[in-house]
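Structures follow.
Okay, so subunit A shows up in both of these, paired with subunit B first and subunit C after.
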Partner chain A sequence: MMEILTSRHWLEWAITIAKFAFAFVPIGFILLLIPLERRGAGFIQDRQGPNRSYFKLPYFGRIRLFGWVQNACDGLKLFFKEVYAPNHVHRILFALAPAIPFAIVLISPCVIPWFAPMVFTFGDAVIRIPGQTVDSEVGVLLLFGLSSLSAYGAVLAGWASNSKFSLLGGLRTSAMTISYEVCLGLSLMGMLLLAGSFRIDEIIAWQDAHVWGIVAQPVAFFCFLIAMIAETGRAPFDVAEGEPELVAGFHTEYGAMQFGLFYMGEYSHIGINSILVACLFLGGYSVPFVEMSTIQANVGISLGVLCGLIVLALLAFLHMIYRYSRWYKTSSASNKEVILREYSLYKLLAWAAVPVVLVLGILSALFFHPEYTIINGEMVYGAGVAFGTALIQLLTLLVKACFFCWVWIWVRWTLPRFRYDHVMHLGWKVILNIALINLVVTAVIAKLVLGGN
Partner chain B sequence: MVRQIKQKPMNWIERLYIFEAFRGLFTTMKHYLRGFFRYETLPTVPYPEMKPEILPTYRAKHRLMLRPDGTPRCVACFMCAAACPANCIYIEADSSLDGRIEKKPSRFEIDHLVCVFCGLCVEACPVDAIRMDTCDTSYVHRTREDFIANLETLTQWNPNDYSQNDVLSQAAPGGIKNQQALESWKLRVY
Partner chain C sequence: MIVLDPNGERMRLMPLNIGPSHGATHGALRYMTAIDGETIVALTSEIGYLHRGFEKMAEQGTWQQVIPYTDRLNYCSAMMNNIAYCRAVEGMLGVELPERAKVLRVIINELSRIADHFICVAAAAQDLGSTTGFFYLFDSREETMVIWEKLTGARLTNSFARIGGLYRDTYTGFEEDVLNVCKTVERNLRDIHACFDRNRIFLDRTTGVGKISAAQAISWGWTGPCLRAAGVASDLRKDEPYFDYETYDWDVVTGTQGDVFDRLMVRLAEAEESLKIVRQALKRLKPGAISVNDPRIRVPAHNKVYQDMESLIGRFKTVSEGIRVPAGEYFSSSECANGELGFTLISDGTGKPWRVKVRPPCFTQFAAFGDLVEGSMLADSVATLSSLNIIAGELDR
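This part shows the complex of A and B:
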């Protein structure tokens, strides 16, 4: 026991344990996705979306946070509703089923690399930290295996509810998951073939060295994206819970937080899938047009640029706030004072943050000069550089993932639902074939051009 | 006559679906960006704080027009009650105190829970005594009885809320043409 403990530096253990916190990133995506979905849907349909829930602050009055407070209201409502089970259900399975998709969500991001493997010197020791929580050779296969397990939640819910709507919903979910898992795996095979590894960090390294997967494998990217959307069971592929036919599908009999768990499971599944697509086809944590070694050598300037981007975003935010409040002053609204008082808080916070971030960025650009030691012919920096680089890479990954989260919502509120047979036709007769042809073509080209083994 | 509308068959690009899907995505993105960057141009308004503009031609809550002396113009002829398809108007007639006019309403009640806002009463009135141009579309009461508008509530309107070109409204007490109208009416207020 002691040998295992002493085999690594204490800092390595600490970081390894701290990395478990990344399991909660998909849950954080729920907080982003729910307002994005509801207000995004509103804007797409020329509505305003839910923006009226608020909390009160002493001076600033009603703080609406642009509809973000709606999250808390939804959550509170679901938490405090009575957990109710109808008489005819299978008690144990009925209670177990909603936990499965949500538990899977906590486990499955374990193989996603959040940053490039960190190598840094700490005192005399050289510490290596892999970017993923579980440094597994099978990587993406493990992720697929885990995320397809969430279908069990739907199937169990459908079976345990003992209602024909739920049962049909569960059946459809299992059929969808099985069909589209095939397409998912096959469309990814081309990318795996090029990178020559199942490990996600090696796929990202390949993209970093050559081109992004979306350029190298555009067909595979679209097949993968469609299969991903279908696998999460959202519109236009939401046949599993199609309201016109099946009431709500497998969670017809659920209410309160049991329904909330399905709901949150679905959203965090979207979060995980967005991160995965970003990793596999959009270069993951690699910053576009900049080498990782460049970032490490100029980590102070890189952090300064990051701060500059944050300042730009803050200024854009301020510009929008000022524009809108100027319009609001001239409008005929009866709650002008309330809204303008609320906006004064945002102005205050943003104006307070701008100089702080700016000074931080300038200081880091001027005074953060890393020192390196050469180990085995490679430059190895200290812990500060490693953490700074990791932060930049993590943010890059999250920004890319947020873009794909938006794609999910965008597609949902654009395309009409497919009929069930159309979904199966698209899955088995179209996407599967395209993915197979793509795989063959990729294999031939890879053999001819890259001269692989 | 049966009219057959021929649907334009889709060409092969449209049948591929993917390109049309992208076109749809482009459209929704335009709408999203409009909502995000030009929030104030959204066609919806935050209702109780901002109210949509309602034209006076909109058939809203009723009002009874007034003579220059403040009595309702209604002559209790029952035309509106006869025209009403919902039978929501109840009138009781009384003899008028003005010698030139035969009758006046002693009760005039409109049940707004029954009213269908068709505007036939306005069309039927021979003396232009009832109008629906108050622009009042939302009125809330505690009990069903409160929804029955009577002679008092129907005549409680302010001439200043109406257009200055609206002669009949301005001739009522408080209006800008009231003095002029009173002179031609030549009668004291009872």
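This part shows the complex of A and C:
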């Protein structure tokens, strides 16, 4: 026991444990996705979306945070509601079912690489940290296995509810998840073939060295995206919840936080899947057009550029606020004084943040010079450089994932729902075949052009 | 549930009860299905959950007091029912409306028709899982509702028509408001066609679903857009014109297949035709009387009542005793949004109706519902139901 502990540097242990915090990234995505979905739906449908709830601050009055407060209130409401189960349910399974998808979501980020493997000197020791929490050889397979387990939540809920609507919903979910797991795996095979590995970090490394997956495997990308949306059970594939005919599908009988767990499970599943698509097809944590060694060599300037981008985002935000303010000043809205007061807080905060970030960026660009030692012919930098690079890479990954989150919302509010048999038809007769053909074509080309074995 | 099929084989079916309070049954109606997997093998429907006793209540008051009850028949286009009822009573009385009243009734009718068709398609879009289509169509309906609010004082149940005319004249700016609504309607139609016309999922869900042939539709007694979708060019506004509908330039829209897609698209196309009629009617709208000048039928205005003895008597007699409708039996039907809304009126010569019998359009359409969806999938039943535009208020009366 002690040997295992002492075989590594204490810092390595500390970071390995700290990496468990990444399990909560999907939970963070819930905070982002629910307001984004509700306001995004409003944006697509020419309406406001929920933004009424507020908390009060002394001078600034009612602060609504663009609808975030309302979502927090809705979440709190779910927390404090009585957990109620009808008399006719199977008690144990009924209580267990909502926990399954949520638990799976907490486990599945373990194989996602958040940054390139870190190698840095700390004192005399050289410390190596892999980008993922669990450094597994079968990375992507483990993730698929875990995410397919979340179907158990829906199936158990459908069964334990002892209601026909729930049962039909559960049946639909199980059939659909199983069908689309096949498409999901097969459409990815081309990419795995090219990279020659199941490890996500090696797939990203391949994309970094050659070209992004979306360019190398465009067909696979679309198959994968569709299968992924279907596997999440989101519109247009939400036949399992198909509210017109099945009321709410497998979670018809659930209320309060039990329903909330299904809901949060779905959203964090979207988060995970967005990160996965970003990893497999958009180069994951690799910064486009910039080599990792360039970032490491100029880490101060890179962080400076990052700060510059944040300043740009802040200025864009300010531009939006000023535009809204101008609109409100001329409008006849009865609450315009209240809203202008609220906006003055955002203006204050954003204007306060701009110089701080700017100064930080300039300071890091001017004074942060990396020093390195040569170990076995490789340049190894210090801990500061490693963490700075990891930060940049993590943010790159999250930005790419956020883009896919929006794609999810966009699709949901644009398309009508499939009929159940059409979904199966699409899965087995269309996407599966395209994925198979894609795999064969990729294999032939890979053999001929790349000359692999 | 174990049943024997016609060949004598044992089938295991699952009974599934949908409604009366279920997301897909707008209003309160119920259908019971026996499903094999997801396929509906048998379906029976049950109505009466929203039965308000309209016909019995109509016998309790005077002829005018029936008007607010007619609002609640098809609450999506309340004023069309008012007008249809008033037209029936006017036919019995044999009065001729002034020009302005006719034109205003046409405008109100056609705007209501657009709003009603839009609600039907919007609800169908919602049932097919496209909330965005729902919101796009509600845009112009909301503007129509604002006009109703300004014109009548109410949004949903307006009770605006009166026997022998209308409740009151339009407000200043009515014409511009109507023209603005026409523009919004055009924009909404563009949006919704862009959403659905070439959408593969929508086409898969709607084409060939809930199909009915022209002969079947006629034998079920279908009327209105649902019958026209099956390819029968039957429209009372053309066949038995009233309110000078024959003088307007517009076309009857027909479908070819009689499936869900055709029913929805016929409604959208009819909204376009209604727009044409509204625009022409606005040009014909000249100042003038909005009611017949007969104190026995239409109560005299308040300013006259306080000055003039005869008007006071007229108002008192009409309000307290009701309009005296000649004894006899009379049937009159008008082309409402959902189809032919008929009223059979029996009068015994007093101020109260002896019997009011309604022939609602969706009653016959709902009767055919079981035949339409047996053998199709569960999700198809929802699409079919929403394309038939069943309004429980007029189905159960």
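Basically, the second predicted complex is superposed on the first by the 453 of 453 C-alpha atoms of A that agree within 3 Å, B and C clash if a C-alpha of one lies under 4 Å from a C-alpha of the other, contacts with A are read in each partner's own complex, and residues count from 1 in each chain.
Heads up, the rule we're going with is that a contact is a pair of C-beta atoms (placed from the backbone, for glycine too) under 8 Å apart; a residue touches a chain by one contact, two chains touch by 3 or more.
This one's a predicted model, so the numbers in the text were calculated from it and none came from an experiment.
Participant: Clash or fit: what happens to subunit B and subunit C when subunit A is overlaid?
Facilitator: When both complexes are placed onto subunit A, subunit B and subunit C end up clashing with one another.
Participant: Taking the superposition as given, does A:Val411 touch the first partner, subunit B, the second, subunit C, both, or neither?
Facilitator: It touches subunit B, and subunit C stays clear.
Participant: Kindly classify A:Tyr59 by the partners it touches after superposition: subunit B alone (first), subunit C alone (second), both, or neither?
Facilitator: In the superposition, A:Tyr59 touches no partner, neither subunit B nor subunit C.
Participant: Please work out whether A:Gln48 is in contact with subunit B alone, subunit C alone, both, or neither, and reply first, second, both or neither.
Facilitator: A:Gln48 contacts subunit B only, not subunit C.
Participant: Thinking of the overlay built on chain A, is A:Phe289 touched by subunit B (first), by subunit C (second), by both, or by neither?
Facilitator: Touch status of A:Phe289: no partner.
Participant: Which partner does A:Arg419 contact after superposing on A: first (subunit B), second (subunit C), both, neither?
Facilitator: second
Participant: Counting only touches as set out at the top, which of subunit B and subunit C does A:Gly40 meet: first, second, both, neither?
Facilitator: The answer is first: A:Gly40 touches subunit B but not subunit C.
Participant: Would you sort A:Leu168 into first (subunit B), second (subunit C), both or neither based on which partner it touches?
Facilitator: Touch status of A:Leu168: second partner only.
Participant: State whether A:Phe367 touches subunit B only (first), subunit C only (second), both chains, or neither.
Facilitator: It touches nothing on subunit B or subunit C.
Participant: A:Glu245 in the overlay: touching subunit B, subunit C, both, or neither? Say first, second, both or neither.
Facilitator: second
Participant: When the complexes are fitted on the C-alpha atoms of A, one of 145-153, 181-189, 271-279 or 343-351 in subunit C overlaps subunit B. Which is it?
Facilitator: Clashing stretch of subunit C against subunit B: 145-153.
Participant: Need the overlap of the two footprints on subunit A, from subunit B and from subunit C, as residue ranges.
Facilitator: 44-47, 413-415
Participant: Would you mind writing out the residues of subunit A in touch with subunit B in their complex?
Facilitator: Checking each residue of subunit A against subunit B gives 40, 42-48, 51-52, 222, 320, 324, 327-328, 331-335, 410-411, 413-415.
Participant: Taking the complex as given, what residues does subunit C use to touch subunit A?
Facilitator: Its residues touching subunit A are 14, 16, 18, 22-24, 38, 125-133, 135-136, 139, 195-196, 199, 201-202, 204-205, 377-382, 386.
Participant: Tell me, which parts of subunit A touch subunit C in their complex?
Facilitator: Checking each residue of subunit A against subunit C gives 41, 44-47, 164-165, 168, 235-236, 238-239, 242-247, 413-422.
Participant: Hey, which residues of subunit B end up touching subunit A in the complex?
Facilitator: 18, 21, 24-25, 27-29, 31-32, 34-37, 39-40, 42-44, 46, 48-51
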